[in-house]
Amino acid sequence: MLRISAFALAMALALPAWAQPIRLGAVLPLTGPAAVVGTQEQRGIQFAVDEVNAKGGIGGHLIEVQFEDNQAKPDQSVLLFNKLVDLVKVPVVFTGYSGPTLAMAPLATRKKTLLVNGGAQADALDKASPYLINTIPVLAGELEVLADYLFGDASKKTAAVLYENNAAGIAGRDDFVASYTKAGGKVLAQEPVQFGDTNYRPALLKLGATNPDVLFVIITSGTPQLADQVRQVDAKYMVAGNTFFSDPELIANPNAEGFTHTQVLINAPDGMAAAFKAKFGTEFDFFPKQYYNATTIVLSCIEHLVKAGKPITGEALRTALLEIKTFKGITTTVFNTNTAATQINMNRLTNKTDTIIKVIPPK
Amino acid sequence: MSAYLQVEGLNKSFGGLQALRDCSFTVAQGRITCLVGPNGAGKTTIFNAITGFLVPDTGHVTFQGISLDGRTSQQIVRHGIARTFQNLRLFVDLTARANVLAGMQDHVGEEPFTAIFRPFHTARALAAKQDAAMAVLAHVGLAAQADMLVRNLSYGEQKLLCIARILATGAELLLLDEPTSGLSGAALSDVMALLRRLQAEGKTLLVVEHNTRVVQQIADDVLFLHQGHLIAQGAPADIIADPKLAEIYFGGAI
Amino acid sequence: MLWLHLLVNGLVWGCALGMVAVSFSLVFATTKIFHVAHAAVYGLGGYLAWSALKHGMPEWAALLVGIVACAITGTLIQKLLYERLDRRGATHLVILIASLGLSAVMQNAVAAVYTSNVLQFGLPWAARTTAIGGVLLTTAQMLTVVAGILSYLGAMWFAHRTVLGKRMRAVASNPFLAEITRLQPRQVHIAVMAIASAMVAIPGVLVPLDLGLQPFGGVPILLTATIAMIAGGVGSISGAFLVAVGIAVLQNLSLLVIPGEWSIGITFGIFVIFMLFRPRGLFAG
Amino acid sequence: MDFFYTYIVLAEIYVLLGLSTNLLVGIVGIFSVSQAAVFGVGAYLTAFLVMQTSTPFLVAVLLSSILCIGLNILVTLPSLRVSGDYFVVTSFGIQLLATAVFTNWTGGTGGANGLPGVPAPWIAGHEFVEPSEFAVLATGGMALGCIAFWLIMRAPFGALLRAIREDELAVAALGKSVLRAKVSAAALAGAFAGSAGGLYASFLSFIDPSSFDLDASIFLLTMVVVGGARTLAGSVIGPFVLLALPQILALIDIPSSVAAAARQLIYGLLLIAFMLFRPQGLLGEKL
């Protein structure tokens, strides 16, 4: 035993510093119903890390990510956050889902550990902790753009809202209703669907009966089923949504013709999407793209510190991030605060492609 | 003067089946009364009606001049009547002593508040009850088995324990549902000896009994039940000698 | 007109729910096992059919693959797990926990193999709509209704007209008597598990045809079906089916008067109150 | 070592819940799958009291426990009317109803968004914010719970509950009130769950319905069964083992894309193996 440790020590001393990997952490729902999103986020992170490691890492350091499964539960999240920070000594923890993120936020402040959220958009995340970096704008900004477009450019004067009955969906509903009402529109009705339930018919029927000009939808998964069911009830209204509509399966669905949505600009070159699909067997969807982007942002901050010869701590990373401020990865992400501003597009699904119809630059 | 236990005009039907019909009798204090009759005659139903486990359609039960109508089984035990069950219903995963303790009344700490906030008081009171429980066990001849799990006792010992458990309630009138069934030899004579001893100590016993030899040896009075109706009563010799009753009892005239 | 649409939609969903309820009821009434893993069997059927389809099998063959595979799974569960537990004198709580464990095993195995993403059958004919009395129904929905009614009739026929069905009812009403009269409850239990598992595979394939496949999707459906079974009276096939349809219709029509987020809560609230006043169910004697 | 203390605190809170569940399910034999709902009410009420009315922490926990005593009696009452498997389903119903209320009553519970910013306990001028400090509180709470449980089980009340589990009718025939005993046990279980809820909300500072759903109730049952039903030792060891289990399973090297699902799968297999080969759990009695 002693000999082995001595040997390990000798190895550690003998090898140049570049051999030591930099370890990052991620606390995501990898099992249970929420795993639908969590595993996609995991793939996005892994994809970005593999890409950097294939090029030899950062300044010679390979990157390792330790993934922990919180099943979207706050108590598990707190436990696992402490595990990563205490035992693995990671400077960064990736997170998704509003609830677990809000549970970890006070710890991030106390431990001066960077908490990076690339997917959850509840408004409360904006000010939860100075160490919580949201690489995706909170919903309020995105939905303000959508509400203005729908009421103004598309002159849809009445709307109905279909939302997922969880933190993301409720935040989306409230933000949309506020912005749309402020723009002058009238919200006729709102109906929730349970997360994971892809039977939207009852809600669609009820909302359709109010004859809205537009149906605003905010659901994280099951959009292809939604398109089928909207077609089936022979809807006369326009269907509008947020970035969640940029799901390749939805885009490929002929029933989604005419769906209009905001798009937090995030484009992957075709080659990258193909490489992703070859690697993981699933599409390079919205969530993997977002987490790919979030990971590249964190990695460039690490690179910045490595080049400057500074230790990689949560505090140093945060300073670096706010200093660098503008990141030009697969999308331009600007940090004026700890929540990113990005370009938002208005898109429409036509002929099985997602076409940009209007561009709104970051504020 | 009213009888010790008086049962008047009990009627009970389950669906279409008339389990008891206009059943009336009395039990005298300090005696052993045996309740006999073929299977399905309503003997256990009478026990259930007296001890508050079922409410008769009509009729009254009076004990020492007090009406038991509408009383719960819990209140009836407090008035001094306790019963055993044909299928024993012992707590088989507890010790013999714990079964007897479960029969004792007025425990300190039998609710959580005292148990938690007055632990020493509870423990002292329980220690005192332990001695009393041992005395009851010794009385029925089970002192050596006090700390055995009931499931490990012999059938005869379990039968004795059933009686010990209701003795522990302090009841004066004991309703025993087939205390000797399934027993023979020494176990049978143990139980019979115990019943006589209890009578000598002033208890009153109402016993459902199938074994005519046992009835002959222990009964002071016999009640003969047939199809929910009391058709004869008297001294054991008279009842057993009656050919008509023997015909019903053994011939299964239904 | 909204009420008519909601009514029809409820009836369709009720047929799917009814198949789950009836199949669960067969198991529960006969074996007295709270077979939570039935939800996982339901999920498995859809995934296996999906695989069969992706390997180039025709639709009907894929459906058959799902049904047969589930029947085999059910048999194995009974033989390898429940029967062993029963022989060891396990209580209902122990069997329930084992069933929960099995459910976790099966669902996570599916998630590991197929990912947690919502998978689509992607059959255009299934989403094609036909107007019936002013209500548009997809082919998948119409198939669900037909399958639901046939399954119900089939279950009735099985329970009342076949030798095995009569043995099943005998075992359900008195397992001890069945044992001594050589009805061989063990074999009946296995047969019932096989039949119920085959039956639950039908909605297991047809519902995802319409709504997509999810590895953890079966549990909420099973819970509602359980409620239908209990409220309908354990052992009553008609009770389970009709109450399942009733619940689905009620949940749909309730949207006319209350916001949708409360419909599940109200369903279960009504059920709890119902249990307090009529604990043996609507259709039980 | 915040990780270690966090583990300790969570496990200790779950011990209180384990005692609550064990009392009802293991000892009295009321098969409740809605204990997480009562736990949740305790957590939400404590959060509400300390956030909205500045009630001192200990008073808030006490009030939550009292409310949960009443609530648990209420949700256990159906068990007096419906038995066995019927009560299980009723209990499922109660749990799902509670989840619907936690999720949709936005004004009271923050709804699906949850309730962030529950302040750390403040007792006698000291704030228990670090996990190591909170562990003192949680250990105290757990110790009180364990002592209470131990005292009950050795008092005649414990014997009465065990007797009820074996044969209610025989207990009634011995002149004891089954109803009163069951209600007392439910009250006690409610107090345990309520105080656990208060500690939980204050420790995590954030609560949302996902901690109090059907999965959580089933997790509680699993804890009791794996630890061992009907004993104090079983209720204590169950939470510690089950909370450590994912960390132990994480040591098994599996390709990351399926690791989490594979671990849950192993977890399920463990449950099945326990039920088959050791239904009395680690330190319990046979269920």
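Each chain gets a letter, A, B, C and D, in the order it is written, and its residues are counted from 1.
Keep this in mind: a contact is a pair of C-beta atoms (placed from the backbone, for glycine too) under 8 Å apart; a residue touches a chain by one contact, two chains touch by 3 or more.
The structure displayed is predicted, hence computed values, not measured ones.
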(request) Using the touch definition from the top, list the chains contacting both chain B and chain C. (result) D
(request) If we define chain centres by averaging CA atoms, which chain lands farthest from chain C? Would you check? (result) B
(request) Compute per-chain Cα centres, compare each with the mean of all protein Cα atoms, and return the closest chain. (result) D
(request) With chain centres taken as the means of their Cα atoms, state the distance from chain A to chain C in Å. (result) 36
(message) Need the CA-centroid distance for the pair chain C / chain D, whole Å please.
(response) 31
(message) For chain A versus chain B, what separation do you get between their C-alpha means, in angstrom?
(response) 74
(request) Could you list which residues of chain A touch at least two other chains? (result) 31-32, 35, 39, 165
(request) Mind pulling the residue numbers of chain B that touch at least two other chains? (result) none
(request) Among the residues of chain C, pick out those that touch two or more other chains and give their numbers. (result) 108, 111, 116, 261, 264
(message) Graph shape for the chains shown, where an edge means the two chains touch. Line, ring, star, complete, or other?
(response) other
(message) Can you give me every chain pair that touches, using the contact definition above?
(response) A-C, A-D, B-D, C-D
(request) Would you mind writing out the residues of chain C in touch with chain A in their complex? (result) 1-2, 5-6, 9-10, 13, 108, 111, 115-118, 120, 127, 129, 136-138, 210-212, 214, 216-217, 220, 251-252, 255-256, 259-261, 264
(message) Which residues of chain D touch chain A once you look at their complex with the stated criterion?
(response) 1-4, 6-7, 10, 103-104, 106, 111-114, 116, 129, 131, 200, 204-208, 210-211, 215, 243, 246-247, 250, 256-257, 259-261, 263-264
(message) With touch defined as at the start, can you tell me which chain B residues reach chain D in the complex?
(response) 51, 53, 73-74, 76-78, 82-83, 85, 89-94, 98, 101-103, 105, 107-112, 114-116, 119, 122-123, 126, 129, 165-166, 169
(message) Looking at the complex, which residues from chain D come into contact with chain C?
(response) 25, 31, 78, 81-82, 84-86, 88-90, 92-94, 96-97, 99-101, 103-104, 214, 218, 221-222, 225, 258, 261-262, 264-265, 267-272, 274-276, 279, 287
(request) Write out the stretch or stretches of chain A touching chain C in their complex. (result) 31-33, 35-36, 38-40, 165, 190-194, 196-199, 201-203, 205-206, 209, 221-222, 224-225, 228, 231-234, 249, 255, 281-282
